[in-house]
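I'd like to ask you about the structure that follows.
Letters A, B, C and D mark the chains as written, and numbering starts fresh at 1 in each.
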């Protein structure tokens, strides 16, 4: 396994665990009275924010993984700086079950709902920042990329990458207008990024990985 | 590691975590009075639905993994569509500890028992649908398969694959007749699939993987 | 990655998760009154069975992993039978945090202590049985092994492997005499196996893996 | 995958799970009254020790992983001794969510705060000891290293490695003077080690891994 492969395996582990731990907040409160089929359905219906939060966070972490995976597909070497920046990014990813649980617990109460979605959006800002710092580090000298990458062109994508960092703070503000709409926008944004990405610029004639594009 | 290998490693991680998180619902309620050996045995006997749910879900996720693993053994390339469809499938797999916990908590109360097993069966329907969509995507053009696969023949298996999607909705209905019987049928079905699969059609002369068959 | 490598990666994931989930039972009961340093030390002292259970189970699962890892180091091919038997073994391994939590919760109450250690010992019996069945399956025809293995000699080790299955049922009985002593014996046995194993018989001239021996 | 790669994959799994389980202590107590936005912010502010503990422990485990990963990058062979010593190290790593939760729960109460940070520091001592024992084992004969390593020089680093084992016991003592300061020192120390390491001594002309240095 090359250096990049080992970092990726560790990162993939954290992505996989964080995305799977989301299920722990999918639970009926053990104090709920459930003795009849009707009460059971109502108890399941009552936790609809948990389903929403699960769907949004699963998709969001999934897309984060896709992007991380795409970028590292073009990384041939790692240095301490990249390892530390990657650790910062993983620190945010691994923490995502926390704001997800907040949304799940608070979405039905107007005031706390706003706070929970604002915190969730704040984590998305933090992720966008760490991902861009990592991209900035990679494109700074470009010597960590494999030969296929057009470093000059990659460096020019920095500004477009920064667009994501503009969108997410707006969603923090929007959380105080409509938490449910904001959550829906996170879902729509993740779905959009699932199919539309900024391709990593390659030298003429270089073959892209099959899914060689990245969204932020 | 080729492209398919990396997607598989991430998927394997999620399967492994989901299957291991099942153990968290194997627990004696901390409010149970346990002071004598007799009370301890009774407390352990009282949670029999947890053992049933653990056994069934473990076997079910295990077989899902076997099938996922078999199919990806013949995938040589991945595209964005496959990645997104795979993510949908993993969304269902990672959520399975939730219906498992419902069965574990509610199987001893007639009404909620029906609801919990119906929800469990519903997740099986969702899994069958996502797995078939993935299969449909792979066989549509066949260009993601490696060379050994007979794409024409693989495309013809679609209808037989669809059989699973017919069986599971019936189990949703049966949950309201007998939840315990339905749970037993899920177990029997998983056991059946453990040993009987639809082989992935190969070109004449191509060597199958050692366990090259898939159940749905 | 060859077939065996992929099965092993999935198994390694389950071993790693099961062994790490053990930490969840290392916790001070949130209802404990902890306001002074003295109370904090007492609260930490009070949960000594949790430390014991953690140490024993960590070592036990660690040794199980070593053995699993050693055996699969000599497996070149997998068939459906091996996959299903491996799944049975993992079903027991993944469940081990459950008896560990029982020991942790009940070891300070004489009656329940016996029950918890008996159940723990019962899981060890179940593991020994699944591991031996897997070994029996591998040595039956031997065609799944790589070329280095002396199949005839490997088949003759079956009886010595069976010794483990005799020892563990005795520990089930001993749990009712002294639970703490029995737990200590599990620890001692795991420690013994950490350094003394039955080597996998190889053909003359074949090079062993560096740690090519197995304990049961 | 070579022998070392397989041990590393298992270890990486445990590191990844332990680091991700830290998120479970990032939670608002479900008994907190949260009905307004103000109460929600206060509830989030109230658990500041949980954020501190998360940040420190995440960084600490991350750096532990970096070092483990660096050392094993130069290991070509494994023997039973190395496997068992590695298991001891993982026993400490996997347990770290426990002292992290203690810090998170007790940091706001003077007496228990001292105890929790002292226990946390104690785990750091235990980790330093297991890591050094592993390093001592590797450098004893040096036959497990790959060819690039200058074994004589590596053996001479033992004393400098031991420096870490001196620093951490001091932090145990300092916990009783100022728990918060001590926690900050753990963070600073981890951050320092993230960028400054003792390089693994190589033979003249041998190429280091890209991040070929280790901190303790």
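The rule is simple: a contact is a pair of C-beta atoms (placed from the backbone, for glycine too) under 8 Å apart; a residue touches a chain by one contact, two chains touch by 3 or more.
Since the structure is predicted, the reported quantities are computational estimates derived from the model, not experimental observations.
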Which number of steps is the smallest that gets you from subunit B over to subunit D via touching chains?
-> 2
Chains in contact with subunit A and with subunit D: which ones?
-> none
What is the size of the turn, to the nearest 5°, that moves the C-alpha atoms of subunit A onto the matching ones in subunit B?
-> 90
Answer with same or different: of all residue numbers used at the interface between subunit C and subunit D, are over half used by both copies?
-> different
Note, CA centroid farthest from subunit D's centroid sits on chain B
Report, in whole Å, the distance between the mean C-alpha point of subunit B and the mean C-alpha point of subunit C.
-> 26
Taking each chain's centre as the mean of its CA atoms, subunit A sits from subunit C at a distance in Å of 36
Would you give the residues of subunit A that are in contact with at least 2 other chains, written as numbers and ranges?
-> 1, 9, 13, 17, 21, 24
Inside the complex, what are the residues of subunit A that reach subunit B?
-> 1, 5, 8-9, 12-13, 15-17, 19-24, 26-28, 30, 34-41, 44, 54-55, 58-59, 62, 65-66, 69, 73, 194-195, 209-211, 213
Residue numbers on subunit B that touch subunit A, as the complex places them = 1, 3, 6, 9-10, 13-14, 17-18, 21, 24, 77-80, 83-84, 87, 90-91, 94-98, 101-102, 105-106, 109, 111-112, 114-116, 119
